[in-house]
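Letters A, B, C and D mark the chains in the order given here, with residues in each chain numbered from 1 onward.
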Amino acid sequence: MKKTKVVVIGGGSSYTPELLEGIINNYKSLQITEVWLVDIPEGKEKLSIIEKLANRMIKKANCPIKIIATLDRRDAIKDATYIITQIRVGQLAMRRNDEYISIKHGVIGQETTGAGGFMKALRTIPVLLDICNDIDELAPSAWLLNFTNPAGIVTEAIIKHTNVKVVGLCNNPINFYKKFADTYNVDVRDVSINFVGINHLTWITDLYIKGRSRIDDILSGKSDSYEAKNIPSFGWDTKFLKSLGAIPCGYHKYYYQQNRILQDQVKEYENKETRADQVQKVEKELFELYRDQELKEKPKALEQRGGAYYSEAAINLIKSIHLDTKELHTLNVKNNGAISCLPDDACIEVNCVVEKHQITPLQIGEVKPEIRGLLQNVKAYEELTVKAAVTGSYGTAIQALTIHPLISSADVAMRIFEEMLLVNRPYLHKFELKEGI
Amino acid sequence: MKKTKVVVIGGGSSYTPELLEGIINNYKSLQITEVWLVDIPEGKEKLSIIEKLANRMIKKANCPIKIIATLDRRDAIKDATYIITQIRVGQLAMRRNDEYISIKHGVIGQETTGAGGFMKALRTIPVLLDICNDIDELAPSAWLLNFTNPAGIVTEAIIKHTNVKVVGLCNNPINFYKKFADTYNVDVRDVSINFVGINHLTWITDLYIKGRSRIDDILSGKSDSYEAKNIPSFGWDTKFLKSLGAIPCGYHKYYYQQNRILQDQVKEYENKETRADQVQKVEKELFELYRDQELKEKPKALEQRGGAYYSEAAINLIKSIHLDTKELHTLNVKNNGAISCLPDDACIEVNCVVEKHQITPLQIGEVKPEIRGLLQNVKAYEELTVKAAVTGSYGTAIQALTIHPLISSADVAMRIFEEMLLVNRPYLHKFELKEGI
Amino acid sequence: MKKTKVVVIGGGSSYTPELLEGIINNYKSLQITEVWLVDIPEGKEKLSIIEKLANRMIKKANCPIKIIATLDRRDAIKDATYIITQIRVGQLAMRRNDEYISIKHGVIGQETTGAGGFMKALRTIPVLLDICNDIDELAPSAWLLNFTNPAGIVTEAIIKHTNVKVVGLCNNPINFYKKFADTYNVDVRDVSINFVGINHLTWITDLYIKGRSRIDDILSGKSDSYEAKNIPSFGWDTKFLKSLGAIPCGYHKYYYQQNRILQDQVKEYENKETRADQVQKVEKELFELYRDQELKEKPKALEQRGGAYYSEAAINLIKSIHLDTKELHTLNVKNNGAISCLPDDACIEVNCVVEKHQITPLQIGEVKPEIRGLLQNVKAYEELTVKAAVTGSYGTAIQALTIHPLISSADVAMRIFEEMLLVNRPYLHKFELKEGI
Amino acid sequence: MKKTKVVVIGGGSSYTPELLEGIINNYKSLQITEVWLVDIPEGKEKLSIIEKLANRMIKKANCPIKIIATLDRRDAIKDATYIITQIRVGQLAMRRNDEYISIKHGVIGQETTGAGGFMKALRTIPVLLDICNDIDELAPSAWLLNFTNPAGIVTEAIIKHTNVKVVGLCNNPINFYKKFADTYNVDVRDVSINFVGINHLTWITDLYIKGRSRIDDILSGKSDSYEAKNIPSFGWDTKFLKSLGAIPCGYHKYYYQQNRILQDQVKEYENKETRADQVQKVEKELFELYRDQELKEKPKALEQRGGAYYSEAAINLIKSIHLDTKELHTLNVKNNGAISCLPDDACIEVNCVVEKHQITPLQIGEVKPEIRGLLQNVKAYEELTVKAAVTGSYGTAIQALTIHPLISSADVAMRIFEEMLLVNRPYLHKFELKEGI
């Protein structure tokens, strides 16, 4: 039998059981033979917990999949078929810093959006590029499925600076499909969604159920759109929604409802209960569960963690590639002109046709100014963020933050960055060398 | 049961039995309830022959499809679900003129390429735009499947000047899929072809069998590409093919092997045996067959006519739309930026995802100069041809012909056009009004 | 002698004496024969004061120029050679409202930038389009020099919706030339400035004195850039400036130093001393001066008003057109691809070659992301603003405001717009008709 | 006094006396102190003749300019202010081959257009790139004025593959200005011409005399356009010209009147009297004249050579750069988006503003399809030609020739190239190494 080797970098993550469940449930069609779980020394204990749980799950399912847990990344990558990256450089402690420093300076503090996402990108991109070097050398024909946040920015860095066959994946799109299938009581296959945008900033410009447009139901407030559990929800003013003419994603609230969100965040900050604090708690509880020798499947509690349908999105994608199904998925890929108002080498999140050998975005063309203004601004920020991460340029970093729509002034951008830089020293080697700009 | 009404404009065509066979064979999934065959008074006799044959075929297949033959186009179009156009304005007599006048002036004479295709476009576009007016009024939600040649130019005119949901269709792409499936002994689903270009001028930039690139087999001459039966074939020099780095389609011979083809055409011209002469003969024989009361299915001989898999392409497309399959088809659609070096409103022939409500091209992006030079030149010619047909401008017409790569000089363009204009008077009302330029 | 007729729409403006001085000083080369001053009934008194002053100035200079003051706009426009528009719809009272309502809702309140400029555009565009209708009918070959603010947005509306030969003019660029000529003690002709951007948002990407780049002098703080007197100045952090790699214009402070400016504005608001209040006072004093029968030239005090070198810019431009000098001016014109990341039909402010028959921007090409992000965002806002003014769409208006970088949230945008709408009723006829969105 | 050093590479050319005349006549404003004439050993004798003539001219004019003739190119280039390249790699013997081989295979044989120009580009580009290496090292701030043909293609190679400040120059545009100034009896400054295109393929889309459009005079045949003496002239059909809506340049005849020109060339070929034969004769006669010790100025006969106003164009350009005049010149520069339908890094020939530090094209934007089709095709050919010259790829070379509109078929392209390759061995080192493709 032919070897099909799946490598999970960041295998000690609390999300891994979800992924394993998917691999097990699709054993028949995918015939995955080996799953390698890789982590760093700091994650050794968690990795070991996950490894044991994985083996219990495999055993219960009676599935001949080999689980290998290792700290040797290169050994894992060698001859891999699919590589999944779901790492968190600096772990939750650094995420907490991202949030706290941002809010302290009066701007939104969020894992992927704004100053928080910026800092996470700076920590993460160099590590991902190192991983890609290994892939290029040891598994050049492998597909890399990047889940690591900020997924769009990280994937753009990989597209621009490596030759790895990469695709960025987020659980946001699949949740929209699930939600609308549920609303209209149809199969997911009967839902068509026209997405325009970039990761965590996609607009739905039309929505069809069995070929019939239903977007007006949402815009007029007759039915609901998908709301991620990890983002506060205040509902949308229908006058605003109708005039936008598109359904925003959850992350749009950080822009369109900036004031209200910031108000809430300031309270969380004062109470020391930001999202990072909450997640730290959830994580701890999850690993308590995972330790339980009697647990032999993904626990229900994991669904609270925020990554709903994450595994399903990943497994569906692997299936499409593996079986060359030529099906549609909503993915983060190189623009290449699909959205004509963004640079050709930008990473965008749009509908793509997945084939074994290539993933191709569908043509979108012109974008109306209601969407274009914000989209181009955030993409320019992302472009500068990738450049700052790769070059370690202080100047590029402060320019990136300054043009971000959630940061009001250059001086705020500079103060935030300088404080973040100090705390993140261990993760930002490039910047250390160039301090004086 | 819901009515599904298919209208075939040019229903008296010798191709119709092939289409009927497809409709009958797919009755189970498509549930087409009515097929309307429309023609003009001059085609009344042929229409009647086809109508009778159709009824015999239906009867034999025991299929509850209603056949309606009519000369009342508006009656037919009303509330149609799918409309197929396969007309030949001026019939084969005018095609013969196109070929003879071209060759007489020393240039390639061909149904769709060069001066011949130009004149056919001028005759055809006004009629198709009239049909589209009817559709807009009487069946605004119908899909129009245009097979009428030159399919790319005609479809571009419809895209630019009407609101009809149109898609242009050619049997060339499906023949490539069939050919490569046959060569590699796989199912057609296992063949992936990257097409770049416009109707009758598409390059294959890569070819995959089960996800593995096999284009080099063709470029090196190890295996053959598809050769249409109605275009002479001299084979390709492998030095040329390798340096092109792409597989040309049959119609590329008119450009890359212009001299040899022209030499042959001059002989055919002298012997009065051009392609139009041959087709006239075949057509006559086919209708002899169709008259036979014992014939109750598509006769084998039809396959010689040149439209191999024409029906299969059409029926597959209708299936994808009707059942909202989101599958890939190679179609003529609005560019909208998919090929970034062509105008946004140009018609291109590329891979598309077909949904019930929309047909979307896959993004192609930049095209290399080996392909770009010829492609942009011919597209500019097509743009001017559409404009000439719509405005009846003598000046636009001679500029269109002058920049066509197969026409060597402006004076030749002018002489050809003036002679064609004279012969085509009955079909070119717009030009009549504006004679003096 | 050939008639050369200059028409000043908004002739009762306090700026007019400056313009008259220019016309008088350049009488020899321009041979302007008639100056028509047009105003609306509400401005009758001011117009009369200006008319008398104008006649005293002409008389003193002993210049055979005929001054005609009129309320009949169409009479004035007829057969004009040059038309200058410098109107303020709703006068200073409405400007004051723009500032106060903005600041009250926590956002920058400014004549041309942000919510204030937005409301001014909505009041002004319909009036300018009416004027252009008259020009199209009565003086189709006249050049329209638009000074009316927000000059970029207003000019874009004229470019998109009329056929008038328009160019938008601002005194910002000429002040940079003057400033750098002064700094380096050279003639203005020895200064070359590469401008990129749009009106009131232009970056200087390089600066040359006699062919030698001197931008680093400014970026490093060694010498100063131009600071408009009507915008507060806090200086620039040189770390920020160096990393931007371009010299910002005065209006960039509203973005890059938003927080500090807003702080100051809130104080001015509380003290009822915003810019509008100051200007009202200055205006009053100026007209006191203008009434003085002994005043026979432009008074010094006018230079405090904010429009330094305004007349020189206008007269230089008229000279270049009139004498077909093919010289460089920095002007607001149709983009047409000059800045490739902005729409072709956008209005941009860049270096142009001025000929008698056409004004052509110099090619700029790609813009770096540090500049691009903000530029594209503000241009999308402007595009929506023009659309809102022309259509009277409530939805387009709130989308315009929402994507403006100085407005933090959609709800703020909506509240500001609704309050402004109420106050501006008399000037927004289109919106009145469509109130319910 | 500051040194101003002009270097003429190909100083032994028969054109040099014209250039010297210009330098002498403008001594007052330009203050050129040294003129270096460089040539290769094979040109030693001619160089010496020119050197002596130069010194006689200088002496007669009583001008303190130092003339240095040398075979040491690097010595000449060192610290140069302006470098002019006017070389002919392979000399007239190779040009003769280019013409003869082309015509023999039934295609136009011409110095810069078609197969002849292609071969000249292949010989010339490697030499120019070597020269640019020297400039980069020894005179990085020098301006390179490239006159070497095919000037557009050669300049594109330099733009793409070096950092040298290059501008390509042709005498075609200046002749149009002179011709129209003459026709309308005005100063050259009163003529405005809108050029669109690339070297030797520029269309005039409008023509103004003192700001008034006069293009219709030419299009209707009322007055003549400029006709270069070295290209046959048959006049233009006014129906064709009006419908083109633009004035073609002389080289357009090779496309629009291909048949007639080819007919003439075949006769010249048979009589061994092609253009190369004629030029060889003229050259011989010129050098006879130059040897004459009594000759102390540019002889009248030189004007027959084909380069009318060549010197004036060059000297005017040097003047504009040297004196930072910011005037308009029609030059070959990097496109950078000025003509939006051509690649950004293509070389185009359009109106530019010349400053001491930069030469910037005026924005052109969209080009109508009548022009676009041919323009894009020829530019793609040029792009491939540059690539073939730089890489020595046989495959790229035959693709370049195949898509050229003047070469009818791929087999003809291959036969021509193979024969040319054989004859040009000494000049095509890159191709020698890679023979087997």
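As a convention for this text, contacts are C-beta pairs under 8 Å (C-beta built on N, C-alpha and C of every residue); 3 or more make two chains touch, one makes a residue touch a chain.
The chain list, named the UniProt way, goes like this: A, B, C, D = 6-phospho-beta-glucosidase.
The structure presented is a predicted model; accordingly, all values stated were derived computationally and were not measured.
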Touch-network distance, subunit B (6-phospho-beta-glucosidase) to subunit C (6-phospho-beta-glucosidase), counted in steps: 2
Shared interface partners, meaning chains that touch subunit C (6-phospho-beta-glucosidase) and subunit D (6-phospho-beta-glucosidase): none
Intercentroid distance (Cα basis), subunit D (6-phospho-beta-glucosidase) paired with subunit A (6-phospho-beta-glucosidase), Å: 55
Computed distance of Cα centres, subunit C (6-phospho-beta-glucosidase) from subunit A (6-phospho-beta-glucosidase), in Å: 45
Where subunit D (6-phospho-beta-glucosidase) touches two or more other chains, by residue: none
Interchain contacts, given as pairs of chains that touch: A-B, A-C, B-D, C-D
Touching residues on subunit C (6-phospho-beta-glucosidase), where the partner in the complex is subunit A (6-phospho-beta-glucosidase): 237, 239-240, 242-244, 256-260, 341, 369-370, 372-374, 376-381, 383-384, 387, 393-396, 398-399, 402-403, 405, 408-412, 414, 437
Of subunit A (6-phospho-beta-glucosidase), residues touching subunit B (6-phospho-beta-glucosidase) in the complex: 189-190, 192, 208, 210-213, 324, 326-328, 336-338, 340, 344, 351, 353, 355-358, 360-366
